[in-house]
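Here the structure is laid out as structure tokens; the discussion comes afterwards.
Note that the chains are named A, B and C in the order they appear, and that numbering of residues resets to 1 at the start of each chain.
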Amino acid sequence: MKIHKERIDLESKSQIEFMDMTDQIQEVVDRSGVREGQALIYVPHTTMGIAINHNEPMLLQDFMRVLYKIVPVDAQYSHDLFELRRTSGTADGRSNGHSHCKAILLGNSEVVPVEKGKLLLTERQSIFAVEFDGSRKRDIVVQVTGL
Amino acid sequence: MKIHKERIDLESKSQIEFMDMTDQIQEVVDRSGVREGQALIYVPHTTMGIAINHNEPMLLQDFMRVLYKIVPVDAQYSHDLFELRRTSGTADGRSNGHSHCKAILLGNSEVVPVEKGKLLLTERQSIFAVEFDGSRKRDIVVQVTGL
Amino acid sequence: MKIHKERIDLESKSQIEFMDMTDQIQEVVDRSGVREGQALIYVPHTTMGIAINHNEPMLLQDFMRVLYKIVPVDAQYSHDLFELRRTSGTADGRSNGHSHCKAILLGNSEVVPVEKGKLLLTERQSIFAVEFDGSRKRDIVVQVTGL
């Protein structure tokens, strides 16, 4: 039984962004040597999430719009007051209450089976790290287990 | 350590549908021979999701209503224009932007512990494959790992 | 390869409540003896969910507000009629259609890597059992696998 874990560094360029990590995650599976098993994709952050879907830019915009309707950026978030007090109003604080709420809705982990050394992705599935409070340097964790 | 993976074929009958897969997933656990471990339930599609909850038809309708309020079918989705262009307006394309958005909200994987050879489900928990763009032939993947 | 599973008993004090289980989950990891692997956190209930985020009370209120906007308590849920009939209007029934809907949105499982015997949590990540139909006695399941 193999357990192989790697961090993948990434850098978001805008406040909210779908970053397609599929190829890099497959490379971790390749390096793991696992042929049959599974890959855990995990986000060690509080304002990012994981999504698996079609990498079609117009669709990703549609989903952004859904999320922004549920969690508007221009609503009042108590957390933003907390951050403002914590940082005494300095530039360090971020008005990112909405980013946390979006991240909770997406969740921090997804598990994808590995079959004959390949991520079991069909049709047009891509695996995305979803930034909700960029731009920033970030990382995600991929852990591959199996035989 | 055992790793046992099967696809379960299914066929949705309507556009949006909760399909209770609990018994068939338990049968995969039975065939795996795993007594202590876990079952990964994974959807290899971009317009289906996984949910675990009570199989009570009025409740499932309630949840549909919640999803339709968040992601209305009669809103405009840019992805539908993409599909229209891709297929040159032929019958092949689907106006399924809303289906993708709903699927992302539910997620593609859930992991359920296996205890003494049984899925650890209590109360009235059922495991559903949730169709958002039927009717279609589909499949889900169940991977059982453990001792 | 170790597989170690424990139930953690808890008791919610209000109808909707974020319960920070991080320390107790780490104690299960400690008892498992696993140094490299992963922890599955699983909710065996239909009106509770799992979330991983910052334990900042004002942020948790923000997220509650988002959920209540999506799934209002004062809307009509067909499931509440089902419960009323099932219990013949006795005190046993709960108007908890909204609780089920919220639970489905959060999901029942999250998987967190374990590194050098510690849950891989960075920044301000806490793991919450999220009650949507309290107060009640509850439990969650933690299953640690690895070397």
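Definition applied: a residue touches a chain if its C-beta (ideal position, glycine included) is under 8 Å from a C-beta of that chain, and two chains touch if they have at least 3 such contacts.
This one's a predicted model, so the numbers in the text were calculated from it and none came from an experiment.
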Checklist entry - Through how few touching steps can chain B be joined to chain C? => result 1
Next on the checklist: Same residues or different residues where chain A meets chain B? The copies count as same if more than half of the interface numbers are shared.
Outcome noted: different
Checklist outcome for this item: Taking each chain's mean CA coordinate, chain A and chain B are separated, in whole Å, by 21
Next on the checklist: Two or more other chains touching the same residue: where does that happen in chain C?
Outcome noted: 1, 70, 105, 107, 111, 145
Checklist outcome for this item: Per the touch rule above, chain C residues touching chain B in the complex are 1, 3, 5, 40, 42, 44-46, 70-71, 77-79, 81-82, 97, 100-101, 103-105, 107-109, 111, 141, 143, 145
Item to check | Interface residues, chain C side, partner chain A - complex | outcome: 1, 36-38, 51-54, 56, 58-59, 61-63, 66, 69-70, 105-107, 110-113, 115, 120-125, 145-147
